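Note that chain A is present in both complexes that follow, paired respectively with chain B and with chain C.
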Partner chain A sequence: MIKYVHFARIAFADFMRAKVRIFSRFLIYMLITWAGVSMWRVIYHTGHAPSGITLTDMGWYIGLAQMLFFLSPRIFVVIDEDVRSGNIAYFLNRPMPYLAMRLSEGLGALAVHILVYFICGAIFLYVFLGGWPSGGLESVALGASLLITASIIHLLFQIACGLSTFWTNDAIFIYHAYQKFMILLGGVYLPISLYPSFLPPDVIHLLPFSAMIGGPASLVLGGQDVWTILALQGFWGILVFMGVRSFYALCLRKVEVNGG
Partner chain B sequence: MAGNLRYFWALLAMTFKSAASQRGAVMLRAVFSVLTHVIYFPVWFVIFQYTPSIGGWGIPHACLAYGIAMACWGIVSLTAYGLRTLPQQIDHGELDSYLTLPKPILMSAALSTSRSSGVGEVFFGIGLILYAGFRYHIDLTWMPLILVMGSVVFASGILFFASFGFWVRQFFASAEEIYFNFSLMSSRPAPIFTGLFKIVSLTVIPVGFITHIPVAFIMTHQVHLLILSVVATIAYAIFAGAFFYMGLRHYESGNRFGVRG
Partner chain C sequence: MTNSSVAIDVNHLKKSFRVRRKSGFWKGLVSPVYDTVDAVRDLSFTVQKGERVAFVGPNGAGKSTTIKMLSGILHPTSGHVAINGFTPWIDRKKMAYQIGTVFGQRSQLWYHLPAGDTFELLSYAYDMDRGTFQSRMTDLVDKFDAGHLIEKPVRQLSLGERMRCEIIASLLHRPSVLFLDEPTVGLDVVSKGVIRDLVKAASEEDGTTVLLTSHDTGDMERVCDRVIVIDHGQLVTDQKVKDLRTGYIREKIVTLAMKAPEIALDIAGIRMVEKKPHHLKLAIDTRQISVEYVLQTAMQASSLDDITVEDPPTEDIIKAIYSGVKSEAKRSV
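Right after this comes the complex of A and B.
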């Protein structure tokens, strides 16, 4: 177990050093959030404000929803590189599971991003939106806490995207597909409760994307119950973890077929 | 000049040949890519179901903007993928081999690396533009020019951000994130870009010249908007190229040594 802690610690130190990377990512986060909030500002000004949701609440929702994409490192790129370059063969000889190694590195980097986004992100949103949401600081803290568990599931999904390189020779388009699913079914641009009937909110709420994005973020709107979201995250987390393990076993057979 | 043009076509032909050699993977990517956008685009129907317009923008504008953004992204990925990997090429010292060639280094670096993605984006983007044209009776006469200009702005934007790799090491991951969000931002409605945000969208990250101003031209037929787009495209391309060559001087004097066995 201690070796995974060391991998996480090294990744933490590595990501902490990369100040330009942290800064540029945060800049993009601010820009994307700015765009999302600006869109809602125009909608509110034209008189189409959703009832019971203030612009500040909506801003915090958008800010937290976007945050999920920035909390986790882009671990699929590393796995994609390992597979395409053949370096994965060297890792397989080592006395540690490759996936656990990459996951612990991802968790180390996630810890850096949690520090940056929970502190700087909260300050940015507070200043930009001019205050806390109606649910107060407590609702933001709860939403942010659930984003941590959501980010771990996001890391597992990213690992699956990275492993797809064995067949596709390029993980990025698989990741983009997954990301677009998240945007539509996760409720990144607008809360799922406002979705039209052809995308029934009751069904979408049960999907992993909603449990990862819309669920935690909607806590600032006084939406879902914390325990329901946590239970959904637990269910999907276990399912995705088992799926990734089986997928990895399948990939290893592919490595043996190709000779590494 | 004629020699450079022949070299350009030869590199482009090589890129397509390379793509054709991996037909299965390319087709899979294309199908996946189209499916991805088919799944994603309804998000705008969801938003416009909720509000009839965003500052005057409706579904026809969204279709055109998303179609143009995706087609341009696809064209750049298909023909000049090397621009996207420029930070990696700089980090690995791969520009050395191009420096010895008697051909323009930028052309070699941009076209010599191929990953044959973008086919799906081109198909989807053009399909969406045609859908908008027929469904909402929009004149698409100027669309080819708009796609060429949009691709040039996209490529120049990628070149500009990738050139930061001359000064910042391991910039590839950050740059990729910037490019991807560049494409997403260009499909957002123009009216949401106001104040400082509007200045940014017309200068540093000129998404306004990829979609916003061309879409406004298509919908209103105001010729000055087209002229503005043409001038801005040329100016931004010159600026990005100059920035690259400024960085290249830095690279020439500070490249690392490596041994390959």
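Right after this comes the complex of A and C.
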């Protein structure tokens, strides 16, 4: 077990060193959040505000929902590159599973982003939105905590996308498809409770995308119950983990190392 | 029953790949047709512990595929392999502690990190205790003269420097079998020499069994005692490197520096390689004529300032082996 901690530790140190990368990612996060909040500001000013949700609450919701995309490192790119370049050959004959190694590194990098986004992101949102949401700091802390578990599930999904390279030779478009589902069904730009009737919230809430994005973010709106979201995350986390393991076993039989 | 002196035991190894045949978009989607390509066909050989063996063959001969099966990365279509008694694709984890791999065209070092950090990570991956790791790393870094390299991020290293670090990384856990797949590819002459000498010295010191694939005959001559030549996935020859010359050389290269500006040597079995005033370079087919007879004839025509008799380069010997295989194949069609 200790070996995985060291892989995470080195990845943490590596990501901490990349200050330009951290800064540019955070800049993009601020821009996207600003765009999302500005859109809602227009809606509120035209008198179409959803009842019971203040603009500040909505701003915090958008800020937390967007955060998920920035917390996890782009681990699917690393796996895609390993498969396409053939470097995976090196990692397969090590006395530790390749996926566990990459997941440990992903968790190390995630820890860096948690520090940056939970501190700087909270300060940015507080200043930009002019205060805490109605649920107070406590609701933000709860939502943020669930974003950590959500990011781990997101890492597992990314691993599955990366492994798809064994068949598709390019994981990017698989990841993009997954990302579109997250945006569409996760409640990234508006809370799931406001979804149109043909996308019934009761069903959408059960999907992993909602458990990863809309669920944790909705805590600042006084939405879903924390334990329900956590239970859904646990269910999807275990399911995706088992799926990834089976998929990896299938990939090992498919290995044909590129380039001789 | 496994012989304890055998490090690598390969029996009737076969690997076939299914390759999708090119066809129109819709046809390929609805009813794809596959061809079977045999990368390795019925390959058998053994390598004794501590031996250094070169695995040579032209592009597409099946060298890398074989190494990847031996190191547990690829599953064979059929056949049996034992590395120190382990079946690589079944006992992958157990075997991982006993083997090291170096793939010349790949990298196991973390690109943005100093190589020293990768060594540290690998020591954890191989469950090395801190004392053993520190002494082993110090020892290898000294031998490979890499003290100044391991603090730099890998992206700042030259190819030769990176390859030295790659080999250290592979030797760190003291593997008893080292697989090297084209370790000197892309390196300059000096770096090649350094890598060859270091691999050989490390193998001699630790008794490491080495299986090396390369297109460069220099790797074979400087590092290995034995050569296995394969082509089209089949064994062509398996012998000591020094015996290659006696088995396959049909020519001797003779260079003459003469007093006379030129001499006529119109003898069957002689091929002119180079002709300049006072200088002749000849290839003599020793099956048709002896070197002694040619030299006597030359000395009768002119007095000589200098005589050099050489074997053709090893590269030519390997070429001769390949072309021998091709002409055999043509004859059998």
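Going forward, the second predicted complex is superposed on the first by the 255 of 260 C-alpha atoms of A that agree within 3 Å, B and C clash if a C-alpha of one lies under 4 Å from a C-alpha of the other, contacts with A are read in each partner's own complex, and residues count from 1 in each chain.
The rule is simple: a contact is a pair of C-beta atoms (placed from the backbone, for glycine too) under 8 Å apart; a residue touches a chain by one contact, two chains touch by 3 or more.
Being a predicted model, the structure only gives us computed values, none of them experimental.
Participant: Which partner does A:87 contact after superposing on A: first (chain B), second (chain C), both, neither?
Facilitator: A:87 sits against chain C, while chain B stays out of touch.
Participant: Quick one: classify A:18 as touching chain B (first), chain C (second), both or neither.
Facilitator: After superposing on A, A:18 lies in contact with both chain B and chain C.
Participant: Return first, second, both or neither, reflecting whether A:242 touches chain B, chain C, both chains, or no partner chain.
Facilitator: Neither partner.
Participant: After superposition on the shared chain, which partner residues are touched by A:176: those of chain B (first), chain C (second), both, or neither?
Facilitator: First partner only, chain B.
Participant: Return first, second, both or neither, reflecting whether A:34 touches chain B, chain C, both chains, or no partner chain.
Facilitator: It touches chain B, and chain C stays clear.
Participant: Return first, second, both or neither, reflecting whether A:48 touches chain B, chain C, both chains, or no partner chain.
Facilitator: It touches chain B, and chain C stays clear.
Participant: On chain A, which partner touches more residues: chain B or chain C?
Facilitator: Here the partner covering more residues of chain A is B.
Participant: Touch test for A:74: chain B only (first), chain C only (second), both, or neither?
Facilitator: first
Participant: Give one of first, second, both or neither to describe whether A:2 is in contact with chain B, with chain C, with both, or with none.
Facilitator: The answer is second: A:2 touches chain C but not chain B.
Participant: Of all the chain A residues, which ones make contact with chain B and with chain C?
Facilitator: 18
Participant: Mind listing the chain A positions that touch chain C in their complex?
Facilitator: Touch residues, chain A against chain C: 2-3, 6-7, 10, 13-14, 17-18, 85-87, 89-96, 101, 253, 255-257, 259-260.
Participant: If we count contacts the way the header does, which residues on chain B are in touch with chain A in the complex?
Facilitator: My answer: residues 22, 25, 28-29, 32-33, 35-37, 39-40, 42-43, 46-47, 49-55, 115, 117, 120, 168, 170-171, 173-174, 176-178, 180-181, 184-185, 188-189, 191-194, 197, 200, 205.
Participant: State the interface residues of chain A toward chain B in the complex, per the touch definition above.
Facilitator: 18, 20-21, 24-25, 28, 31-32, 34-35, 38-39, 41-43, 46, 48, 50, 74, 77, 167-170, 172-174, 176-177, 180-181, 183-184, 189-190, 194-196, 199
Participant: Touching residues of chain C toward chain A in the complex: what are they?
Facilitator: 17, 59, 64-65, 68, 71-75, 92-93, 95-97, 99, 101, 103, 105-108, 110, 112-113, 117, 120-122, 124-127
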